[in-house]
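Order of writing sets the chain letters: A, B, C, D and E. Residues in each chain are counted from 1.
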Amino acid sequence: MFEFAKKIINFFYREYKLNLSGFHDILTNITFFFISIFIFIFSIGPDNETLSKLAVGIVWTLLLLSSTLSLRKFYKDDFDSHNLLILHLHGMSFEFIAILKTISHFIYVQIPFLVSIPIACIILNISFDKVYNLLLSFVLGSLILSCLGSISASMNLLNQRNYLLGSVIVMIFSIPVIIFSIGIINLEESFNSLINILIGILLILFSVNPWASGACIKLALQNN
Amino acid sequence: MFEFAKKIINFFYREYKLNLSGFHDILTNITFFFISIFIFIFSIGPDNETLSKLAVGIVWTLLLLSSTLSLRKFYKDDFDSHNLLILHLHGMSFEFIAILKTISHFIYVQIPFLVSIPIACIILNISFDKVYNLLLSFVLGSLILSCLGSISASMNLLNQRNYLLGSVIVMIFSIPVIIFSIGIINLEESFNSLINILIGILLILFSVNPWASGACIKLALQNN
Amino acid sequence: MLILQNVSLNRLNTKIFENISFTLGSGRVLILKGKNGSGKTSLIKTILYLLEPSSGSIYWKGKILPKTIYDFYNNITYIGDRPTSLKQLTIEENIKIWKKISISKIDYEKIRNVLTILKLNNYKNKKVSTLSLGEIKKLELLRLIIENKKYWLLDEPFTNLDLDSIDIIRQTFEEHCKNEGSVLFSSHQDIKFSKYEEIKL
Amino acid sequence: MLILQNVSLNRLNTKIFENISFTLGSGRVLILKGKNGSGKTSLIKTILYLLEPSSGSIYWKGKILPKTIYDFYNNITYIGDRPTSLKQLTIEENIKIWKKISISKIDYEKIRNVLTILKLNNYKNKKVSTLSLGEIKKLELLRLIIENKKYWLLDEPFTNLDLDSIDIIRQTFEEHCKNEGSVLFSSHQDIKFSKYEEIKL
Amino acid sequence: MKFLINPYKFNNFSDTLIKPLLYLSVIFLFLGLIFSFYFSPNDYQQGSTVRIMYVHVPSAWLSLMTYFIMSIYSILALAFRMPFGYIVNSAVAPIGATFTLICIISGSLWGKPMWGTWWVWDARLTSVAVLFVVYLIIIFINLSFENRIVREKVTAIFILIGSINLPIVKFSVDWWNTLHQPATISKLSKPSIDPSMMVPLILMTFAFVFIGICIAIFRIKTEIHNRKNNL
């Protein structure tokens, strides 16, 4: 049991080493995020009211788009260098690897974003009482995106030709998520029920993800 | 002379094989573009007026995104597999390779986007008299982004210390370009002078790009 | 003890190998030999049960394999035919990661000794991407020492190595066998062991 | 004719090799030998002028090198130590790309013959990512035939190959030398040529 | 009805079926075109643009129908392990996509004179656009994944998840108030449309159905043939 916990910690240590040296990817993402916000401000004009009305939607879309930016790194590098295989031989089932990878994607890729959301709120004139709801929905949403990303990135291992397809699949599945989360911020009365729906989606995805990703990784290893 | 032309054509043949395994890859690109627009609309809301105000910003963001998405493929794969070196040994200077790569990035990554812009105009309610100006500014803008992308991707090959220079500063460079181009659509009077500024930026970048990228590639080959 | 019984493998509907049987007990060296494309790498992957044999069965400690797979994994070190070290990190960082991943209790002194023997000690803080091919291969082989398992499965461990290093590795194998370990590897080169068996594919 | 005169190289302020001099004329086989990390790959890259020698000079057809570099490139085929074929494409597609890139006038019949000799003919429509390591290496070496240049520079051309294939490649080298070609390669293995020189690094 | 789930039976049965179907589709198309251009009245509001309806509505129905069929076959394939389902899925998806595209194009051609724009983002139109994208993704998955088993499973699962969109397309006009026409013809009770418009509509619908079935048969047969040779 103790050894098991140690394994998990060590996995995250490894991911940390991997992602930190690729820190420029995270930076690229964040820069993309802010530049896009600027683009919108310039194209709308600094009219405060429309801006704060649209702000949440814009932030959501940007979150989604930039998490598709990092899809390629999700499994590809480790797969190509056979490191997924080595991890597996150290007693982690592919399903377990998928879970850990998803969590580490959330920690190392999504969280830097979540941190920058309050700043985005300031720039976009979102009122501060909404920030709490916003953050909660974003945390749930980005966990969902991590799960979707894991599934589609593992599917992309089987498909060396068309890597955008993974992004497209993630995006079409995230449409309902976006609809719900936007609803959360606009209709404040039904906050709890909508959050519950989001949590429901998250739970479903979180339990489907290991099996789907694990199966894909296994198949990819057999074919390569 | 004739052989030289042949070399260029064959280079593009190779790039074609690398980038597109078939026509459906281009279609996937276009689909990606449209789904992104969908997602914007789902999150911003279907109000026609705000939409047409935001439309140009949306398209610009997506253009920026698509060119950052493909940055990794720009030189990295060919560099890692030593193919850049092989091309060089076939009599192409690194500067020349950079020019050809930039053009082929424009052709195989940006053009599929540009083709879908007229349709995007329809679904985003941009009035048709603007389409010509819009397309002109997008063609210029995406050429500029290709040049910037080439520089940043080649800097990323050096990756160890210069990553900040690589991705982020180049993205910041794209801000003035975008501001100009958005201005082009909104202020119709000064159209010509703004276009001229864009052309100026493009010319500067187009002549700087081969030297900058070529030097980076050469340095990267020495250090690797 | 690992036993293969009449194992055959198909990939994409073509037969790769047929009716392979052998036993890998403690203290033994097995060498896989065969032409290019004869299926050495595939056989090793089949033993690891990454590829499912199309017929025949593999036994580990008397039980049929997929059942006791994690116990099996717990007793082997596999080093494949391509480098797995992380290129953007230094030798030392890679070793640290491997130590953590395999929860190895080996002390750092011993690793340093091995590094010195392999002549890698001077490059400890060099990034893997700036090493020569042979140096990378030697770094890979270090995993054998770090993980400290009983069964070693290796795919072409001697490529890119110079003659001295080959001899060091050979001696390591022999020593491992004396300590009741066992080694299975594929190779195109002729390496002389005091006691070994060959499997022709 | 390629002449190296007292060439030395530093990388990251450490000396890699010093005062190397030799001549590569037509009809000759030069073999670079040396331990891991002794600088064989670096020397070949220096000859290609990808690394600038820290002292000494390289002459091509009597002229100092960086001046006539493209003429030099026009006369060599370099095959490095890692595969350059595109993994997502088939063998045939790769050959087609190489033919186009080098504007080679070789007819397809000849390539097919070579493929048959190398036993790759059955895999023509298989993707490179599903080939075995040796098969990939043989595919790489096909570039020698496609480009049809006089000078061949190769970095460890025999790794991963089985004995038969090594012999085929060796014969190809010998034949190339008979036709006034010349070959420079690095290797850890001992390959017997009828006439060759060794350079120790 | 075995031929609907067994590839060999299908192959034999479709050989006898294909000729009459071809004749039928030509006849119905001919009649339908004649009726819709000469024997149907102009609408008192819409003028002659109402004739777009005879293309728009059948193709809209068929795009939904095709997807529904694909969902059924996905269930058959996944739950009852009938590989014929996978064959149908990969053969029929492009047909459905084409119908959807026809629906969208004819709809926007109709929308310009009626609503003043080519496109609005109301629930019906948006959900049809999503349907089209779903079709496209199904096609792409079929083209990009090399491993056949993976490809089939992924497609089938994707089709099933995407079928959530079907009721949204169908009932969006009832659930939200939109610009788009609510169900008038396909209402369960009594259709509220003039019979003189009903006749060409029905003729055209049958023409589309037969054409669709013919193409589907051809595609399924080639798919079966391909699989036989690859295995």
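Criterion: contacts are C-beta pairs under 8 Å (C-beta built on N, C-alpha and C of every residue); 3 or more make two chains touch, one makes a residue touch a chain.
Worth saying up front: this structure is predicted, and the values here are computed from it rather than measured.
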Both-way neighbours, i.e. chains that touch chain E and touch chain D: A, B
Target chain C, source chain A, minimum contact steps: 1
Comparison of B-E and A-D (more C-beta pairs in contact): B-E
Proportion of interface numbers common to chain A and chain B (over half same, under half different): same
Centre distance in Å when chain A and chain E are each reduced to the mean of their C-alpha atoms: 35
Chain centre separation (chain C, chain E; CA means) in Å: 56
For chain B paired with chain C, centre-to-centre distance based on mean C-alpha positions, whole Å: 45
Where chain E touches two or more other chains at once, by residue number: 130, 133, 137, 140, 143-144
Multi-partner residues of chain A (at least 2 other chains): 160-162, 165, 168, 172, 175, 223
Residues of chain D engaged with two or more neighbouring chains: 88, 130
Chain-chain contacts as defined at top: A-B, A-C, A-D, A-E, B-C, B-D, B-E, C-D
Of chain A, residues touching chain E in the complex: 155, 158-162, 165, 168-169, 172-173, 175, 216, 219, 223
Of chain C, residues touching chain D in the complex: 12, 34-37, 41, 81, 119, 130-135, 137-138, 156, 159-165, 188-189
Residues on chain A engaged by chain D in the complex (per definition of touch): 160-161, 223-224
Contacting residues of chain A [partner chain B, same complex]: 23-25, 27-28, 31-32, 35-36, 38-40, 42-44, 50, 54, 56-58, 60-62, 64-66, 68-69, 72, 161-162, 164-165, 167-168, 171-172, 174-175, 178-179, 182
Residues of chain B touching chain E in the complex: 21-22, 24, 27-28, 31, 34-35, 38, 41-42, 46, 48, 51, 122-123, 125
